[in-house]
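Here the chain labels run A, B and C in written order, and each chain numbers its own residues starting at 1.
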């Protein structure tokens, strides 16, 4: 275990050194991520300004969901999501083999090499948005904060699982940057109040394909709209993570037995 | 140290069409073709050996190498290396081997090699003291003390290759795989790298080398394995390989009188440079050199002459050109 | 001229074949397009609750806007910027500088090639899904104007992206800037929201920028009414304005290409 932590630290150090080699580039890509994360909130703002609204959701409440989404990305992306880019480029260029030559679990190596400090920039946009949204939505109780904390873990778990699914896909679907579009499309269900979807779709988004857990469910818990029963949602989150890991390992086996 | 038995790898590929019609058809259905990349390879490598794997492009060398390094699972066959099955006990195995790929860099482009070394130290879990000792030794041998603190992108190819070797040797591997380690290097840089490999080999490290540079083979390998069409066609020592040429010599000769097109047992014109200048191939078993010189001098008058053994390229060309069985 | 047409056809066909191998990448749109659209359906269903119109658009019109915008997005989709900056950065551009055909024409031919492949794999199937599964009214108000407008959008998107790519000759490592720019381009083109939802000042500004000609204007022409910052145009006027803008953008691209080439050969390979 200590070895693994040490390994993380060493890789993170090198990644930071790499970024610092192009400081201006680093600053720009952080800016880009902030701008990118603010597009959907901007659209939400414009729509509310034109007099429309999600029934039962004030502007601040709706923005809170999108803020939680940005925060979850701000943590999950640097640590897990980078592996998608790693498999994308390295499987295509044939350098993924080099990861297999390391005496460490391949999944860990893929996450390590994908570690991307740029993505911490999302934490900034997420926090600002979160502060703004919360300022207009009233102070949550400690129970709400506790529920939110636990559900936020579920949110990270799901983003990690999604990273595994997308990355695993790329062993077979070599070099397709469309996985990022697929990610954006599928997770876009999670950026809006779940109540706008039909009841059956809401259930699917909570228990089957738990996209709603990324932002909507934690945010509505923070707004005090959920009871303790909502914590059952942690179960599908854990299940999806296990499935993601199984799938990834299966695809890796396929990769090492195919090739050419 | 390595034992390989009946190693086989087949995979399936698509066939792609050329005409508009074929392309359109391919949108729906793509015919599959089975390709046997490696076919029933068997060989063994002892500790401390330096073996060169040669073969034309697409012969199955890199597929073999991938299986030996545990990156690729074979379709069938067995490999035991360092007492382990590479693809089954991968983590344990790769901790004890090293690899340098001339065309795949393990360094990090934007930061100095020293930082990349440090990262590998953590990944391989090399203890501080051993790391320092090894690094000092390797840096001394390759003379890259200053180089390794400059960003990788600023290094020359030769400097970068030296650093690739350090990267691969830091955890003191017992077995090292080299894939075209001197590709693109100038003569001096090649010499440096070959010298380094030799001195590591003297310390007991086993090397498996694949290359197209016959200079690498002549300077490094004691044993040569030639693979073609996924099969071993030759497994022999370098001198044994030369012996296959028989007692053939190549003679470059300048004469006083013009030499006509001659044909004689044991003698053939390889290349005609001018009426007075020729490149001849002589089989000394049927035409002893002494007799050739005397006869040729009497007939045409020798002005200048250079005699060489036929180069190893000639053997290789023969072996590479062979069709699949 | 005939030789040029033959060259463009050959490059286009080669690109078509090249991309046919990656058709599954394109086919991803069959998932991405409808999923994003489904989300829009739910969003606007909720937004229109108890309202007849928003910003002058009815609910069916709003759905038609996003349906048509998606299609135009797929038809005029472009990555000339990415491709060009990759060529410049890796030094591969030199092989194009050696050819007797300007690279921008080569890139345009490539775009024609992969978009014709996309027509069968992305555009028509997604269109069919929108009509059949979502019941969107995808019937153009005036087919002739719609087709011309979409073709002009195709060119406009190419010119804008190609100019972004050309900046690589001056800014070697600035993918960041380029990506920010392209994102702003999409927002200002009306991909995420009709431009009529923007504040008045922004609408006035966007009217004079080239981006509305990529998505917003052709989409409105397709639906049959154009309006921005209070200015209403007939379809003919709108397409005429678009054609003028595309001509300016084309001239600017060629001028910038010339400057880039001078810089490239001046500095050396």
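Here is the rule we go by: a residue touches a chain if its C-beta (ideal position, glycine included) is under 8 Å from a C-beta of that chain, and two chains touch if they have at least 3 such contacts.
Model, not experiment: these values are computed from the prediction.
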item: Central chain of the complex, centres being mean CA coordinates; value: A
item: Taking each chain's C-alpha mean as its centre, the one farthest from chain A; value: B
item: Centre-of-Cα separation between chain C and chain B, whole angstrom; value: 50
item: Intercentroid distance (Cα basis), chain B paired with chain A, Å; value: 46
item: Distance between chain centroids, defined by C-alpha means - chain A, chain C (Å); value: 29
item: Residue list for chain A, restricted to those that touch at least two other chains; value: 22
item: Parts of chain C lying in touch with chain A, wherever the complex brings them together; value: 22, 24-25, 28-29, 31-32, 35-36, 39, 42-43, 45-49, 51, 54-55, 173-174, 176-177, 179-180, 183-184, 187, 192-193, 197-199
item: Partner chain B, residues of chain A touching it in the complex; value: 3, 6-7, 9-11, 13-14, 17-18, 21-22, 94-95, 97-98, 100-105, 109, 253, 256-260
item: Contact footprint of chain A on chain B as seen in their complex; value: 11, 13, 35, 37, 63, 66, 69-73, 87, 90-92, 94-95, 97, 99, 101, 104, 106, 108, 110-111, 115-116, 118-119, 121-125, 151
item: Of all residues in chain A, those that touch chain C in their complex; value: 22, 25, 28-29, 31-32, 35-36, 39-40, 42-43, 46-47, 49-55, 173, 175-178, 181-182, 184-186, 188-189, 192-193, 195-198, 201
